[in-house]
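Structures follow.
Both complexes shown next keep chain A, but they swap its partner, so chain B is in the first and chain C is in the second.
And then the complex of A and B:
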C-alpha cells in the first residue's frame, strides 16, 4: 500500500508538468497581447516603446520555452508570480477565493448525491413504472440543460417569487441553495441512470436472494447489500465528475456572481493575465488528480476483491 | 421411532405470467418433510425444482406467483402469513442453501459479519454473543473459524464456501433446510464431503432436509425418501429403496437407466426426446411424448398420484390400470 501510494505520488509530477506546459502554450497561442491590454486599461498610449517596456516588466521577453522554465523554477519555490491586473500574489489571490469555490462545490456535490441516490434507487426499485419514467425525464433534463441556462431558469422561476432565495454572492444557505442546485442537477443525471442500471443488475444476483432468504429486512437488503455492490462502478466515474464539478463552478460562479476562483479564472482569461491562469490551472489540476487518487484508494475499501498496486506499477 | 411431520406441502402451484403465456412451473405439488429425514426432489433442469424451493420461502421472483396450495410449517400455513411475519420464518425456521456457493454470500462483506447480521436479525442477543455463535457454527462444520470469520467469500475455496453456507443456513437452528443443488458446482471429491457434512448435520441436529438435485447418486447417498418431479408435477414418490429399487413410472425408470450408478453393467440409455417446453406442455400426462410405454388414454388427462405399495405412490395410467395386478404379485412374492 505504501509503495503504491509512493508510486502514484511520483506519477503526479510528470502529470502536473504536462498540465502546466499545455496551459502555458494555450495561453501563448490565444490572440491578444497582455502588454497591450494592460496599456489600454491604464490609458497609456500603445506605442512600440511603451509595449516594449511593459513586456519587459511582465517578464514576457525571450522564447516560450525559456519563459516556461523561468516560471516553473519560481513555481517550484512556491512563487506563482503576481497578477498583471491587480498586482497581488497569485497564490494569495487563489487562496482567498478558494473557500467560496469549495463551498459551492460541496453544495453541488450534496445536491448531486441526494438527487442521484434518490432518483437512481427509486427507479431501480420500481422499474418501468411512472416513478421510473419520472426519474428518466428528470435525468434527461439534467443532462441536456446547460448550467448557465438552468441557473437563469431557477433565478426566474424560483428566486424571483421567493423572498428567501438569494442570487448574488456569498452569504449562508439562502445564497448557496440555487447555485448548488444548478451545479448538482446536471451532474446528478448521469449518476441516477448509472445507479439505476447498476442496482437493477445487482438486484438480480443470487446473493440478494440469499440475503432475503436469511430473513433480512428489505431496507437492509437494498441499502446495505445491494447498494454497496451497485456503487462500485459509480465510484469510478466519480473521479471524472470532479472535473465536471470544478469546471461547472466556473460557469455557475459567473451566473450567480459567486466570488470564487472560477470567476477569477474567467476574468484572468479575458485580461490575458497569464500568471493567474497558470496558477488556476495548477491548483485545479492538483485537486483533480488528488481526488482521483483518493477515489482509487477508496476502491479497496468498497470492493475487497480489488488489490491495489499489483498491476498498476506503470 | 414415530415420525414427526415438520412441513406439509399440499397442492402447491406457482406460475409465471410471461409475455409468451402462462408457465405453470409448479403444478399442484404435495409432499411432507419429517424431522431428521431427508427428502430428495429429483428432476431434470426446468422441471420446477428450484421454483418449488423458492415458493416454500415465498421468494419467487417476478413475474412468478404462487397460485394455490398450502405450505404448512407444523400448523401454520406460510402462504397466509403477512409479509413481516414471513420474514421471521426465513433464515430462522426455514433456511436455504444455494447451488453456487459464491451466491450465498455478498462478495464485498466479510463472511463473519454476514453471520452476525443474520443472527442479530432474528435473535435478541449482543454482538459478542452473535460472534461467539458464529465461531461455534463455523467450527461445527469443520472450518478454521478465526480465519473464515475475517475472510471475504472470494478468499475461500469452493468447498469451504459451501461449508460456510451450510453453517450460515444452520446458524439459527431452522426446522427446515432446503438445499438447492448444493453440490453441483463442486468437483467430485468435494461433492461427497459436502453430502457427508449435510448427512452428519442431519443426524446431529433437529431439522429436516429437502435436497433438490438432478443427481441420482447424490440423492441415493443421503435421502430417505424421494420425489421425482417432471414438468412441475410429482410423478413418483416414496421411500428411496422402493422408488429406486422398483421404479414404477417410466420416467423414473428411464432416469435410472441413464445413470451409471444404477444402470450398472448395461449400456446407458438417455431419456429419449427433448424436455417439453414449459409454455406448451403436452396434454394429459406431460411425459407421454417421450414415454416408451404410452397408452391411448395418456394423451387425455394427467394421471393422479396413486398409492402403489405403502408410501410408494406413482402417477401413471399403465400402473393404475394394469399395475394393480403387479402389486398383488409383488406382494405375494415379498
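And then the complex of A and C:
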C-alpha cells in the first residue's frame, strides 16, 4: 500500500505541473499585454517605464520557462493575480464563491446517490419487470436530457406553481433542491445501470446463498451483504462523475443564477478576464485531481483483491 | 449481425431517429417554409398554425424553419468535430501503442494533463484563450475528445501487438506504416465506430451546452441550445419556444445513444468500447428472478 501510494503521488507531480503550465500559457497565448491592462485599470499613464515596472512586478521578464517558474512561485503562495474587471485578488474572489459551488455539487451528489441507489437496487431485485424497464427508461432519459433544459423545465413546471421552491440564488433547502436535482439526475443514469448489473452478478455468488441459508432476512442479505460488494466496481466510475459534477455546476449555476465560481468563469470568458479563468481552472483541476486520488486509494482499500502497485494499463 | 441489430427495438429506434435527423439536416432548405435568420418584429410570437407550423419566436422568425436548419447546424458541426477528433485521436493512439517508449510517454502524459481538468472546465479554458464563438467552441471540443480515442486505440494496439498474426506479418516483411494500416487498423475500427456513434450524442450535448452559455454558436445562427437560451424570457408565456428545441436535442442524443448501444452489442463482443450496461443480458442468461423477499 505504501509503495502504491508513493507511486500514485509521484505520477501526480508531472500531471499537476502540466496543468499549471497549460493554465499559465493562457496569458501567453491571449492577445493583449497584461501589464498594459493593469496600468489602464489603475489609471497610470502607459509609458515605457511604467510598463517595464509593471512587467517586472508581474514576473513577465525573461524567457518563457523563467516566467512560468515565477508564476508558479506566486501561485504556490496563493497569489493568482488580479481580476482585470473588478481589480480584486483572484484567489480571494474564488474563495468567496467556492462554497456556493461546493454546496451545489454536494447537493447534486446526494440526489445522484439517492436516485442511483434506489433505481439500481429496484431494477436488480425485479429484473425484466416493469420496474426494471422503468429504471432503464429513466436512465436513458437522464443520459439524453441536457441539464440546462431539465433545469428550465423544472423551473417552469415545478417551481412556478409551487409556493415553496425557489429558483434564484442561494439560501436554504428550498433554493438548493431544484439545482441539485438538475445536476444529479443526469449523472445518476450511469450508476443506476451499473449498480443493477453489478448487483445481479453479486446476487448469484455463493456467499449470498449462504446468507439466505442462514435464514437472514432478505433486507439484510441485500443491504448488508450484497450491496457492499456490488458497490465496489462503482467506485472506479466515481472519479469521472466528480468531473461531471464540477463541470455541470457551470451550467446549473447559469440556469439558477447561483453565485458560484462557474458563473464567475463564464462571465470572465466574456470579459476576457484571463486571471479569473486561470484561477478557476487551477482550482477545479486541483479539486478534481485530489478527489480522483482519494477514489483510487479508497478503491484499493475497499477491495483487497486488487494487487497493490500493479502497473496500470490503458 | 445485421439481423440481430435490426431486430432489437431499441437499436432500430435509434437507427430511425438518426436517419430521420440526417434527412432533415440534408433537406432543410427544401423542407423549411421560411428563411430561418431574418428578423421580422411585426410577426413576433405568433401562435402555431397557417403559414408558421410551429409559430414564430421572439424576433418573428419561423420556429419550424429554425428547427430544421438547427438540425443541420447541430449535426453538421458535431460531425466536423468528430472527424477532426478521429483524425488526431486514432494516429495518436496508434503511435503511442506501436512505438511505445518516449513517444508513448509524451502522448499519454498530454492525455493525463487534459483529463486532469473536468471536461467542461477544459473547454472553458480553451474558450478563455480563444474567446467565445462557433469555431472556437468546435476547436475546444475537438481538443478535448481526441483523448478518449487515443487511449482506447493505444489499449487495443498494446493488446494485439504481441499476437502471432502480427509476428507473422512482420516475418513476411510488413513494416511500419504497412503493418499498421493492414493489420492493426482493422482491429481498431469497430470499437472506434461504436465510440464515435456514442460520442456524436455527447458532442451534440456539449455543443448545445456551450451555445446555451453563449460561448458557442452566435446569433442569428439557428442552433438549438442557443434557441433555448433566447427563449428564457418567454419561458412561462410561450413555453413551446423552449420545449421544442430542448426536445429536439434530447431526441438527437437519445438516438445516438440507442444506435451506439446497438452497434456495441452487434459489433464489439470483446468489449473494447467500454462496459455496456446492456451486455449483462448476455452475460447472465439465467439470472435468478428475485421476487418478493423481505
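Everything that follows uses one rule, which is that the second predicted complex is superposed on the first by the 244 of 314 C-alpha atoms of A that agree within 3 Å, B and C clash if a C-alpha of one lies under 4 Å from a C-alpha of the other, contacts with A are read in each partner's own complex, and residues count from 1 in each chain.
Here is the rule we go by: a residue touches a chain if its C-beta (ideal position, glycine included) is under 8 Å from a C-beta of that chain, and two chains touch if they have at least 3 such contacts.
Since we're looking at a predicted model, the values are computed, not measured.
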| query | Clash or fit: chain B and chain C on chain A? | reply | fit
| task | Tell me which partner A:177 touches in the superposition: chain B (first), chain C (second), both or neither. | result | neither
| query | Regarding the shared-chain residue A:274, is it in contact with chain B (first), chain C (second), both, or neither? | reply | second
| task | Applying the touch criterion given at the start, work out whether A:207 contacts chain B, chain C, both or neither, answering first, second, both or neither. | result | first
| Does chain B (first) or chain C (second) touch A:265, or do both, or does neither? | second
| Where does A:217 make contact in the superposed view: on chain B (first), on chain C (second), on both, or on neither? | both
| message | Quick check for you: in the superposed arrangement, does A:111 touch first (chain B), second (chain C), both or neither? | response | neither
| message | Once chain A of both complexes is superposed, is A:35 in touch with chain B (first), chain C (second), both, or neither? | response | neither
| chain B or chain C: which reaches more residues on chain A? | C
| task | Between chain B and chain C, report the minimum C-alpha distance in the superposition, expressed in whole angstrom. | result | 5
| Footprint overlap on chain A, comparing chain B with chain C | 217, 220
| query | What part of chain A is in contact with chain B in the complex they form? | reply | 205-207, 209-217, 220, 224-225, 228-229, 232, 302-305
| note | Interface with chain A, chain C side, in the complex: residues 109-110, 112-113, 116-122, 124-125, 127-129, 131-132, 151-152, 154-155, 158, 201, 205, 208-209, 212-215, 225, 228-229, 232, 235-236, 239, 242-243, 246, 249-251, 253-254, 257-258, 275, 277, 280, 283-284, 287-294
| task | Sort out for me which residues of chain B touch chain A in the complex. | result | 54, 57, 59, 61, 87-92, 95-96, 98, 100, 102-109, 117-118, 121-122, 152, 154, 168
| Hey, which residues of chain A end up touching chain C in the complex? | 11, 14-16, 18-19, 22-23, 25-26, 29-30, 124-128, 139-141, 143-149, 152-153, 155-156, 160, 190, 193-194, 196-197, 200-201, 203-204, 217-222, 242-244, 246-248, 250-251, 254, 265-266, 268-270, 272, 274, 277-278, 280-281, 284-285, 288-289, 313-314
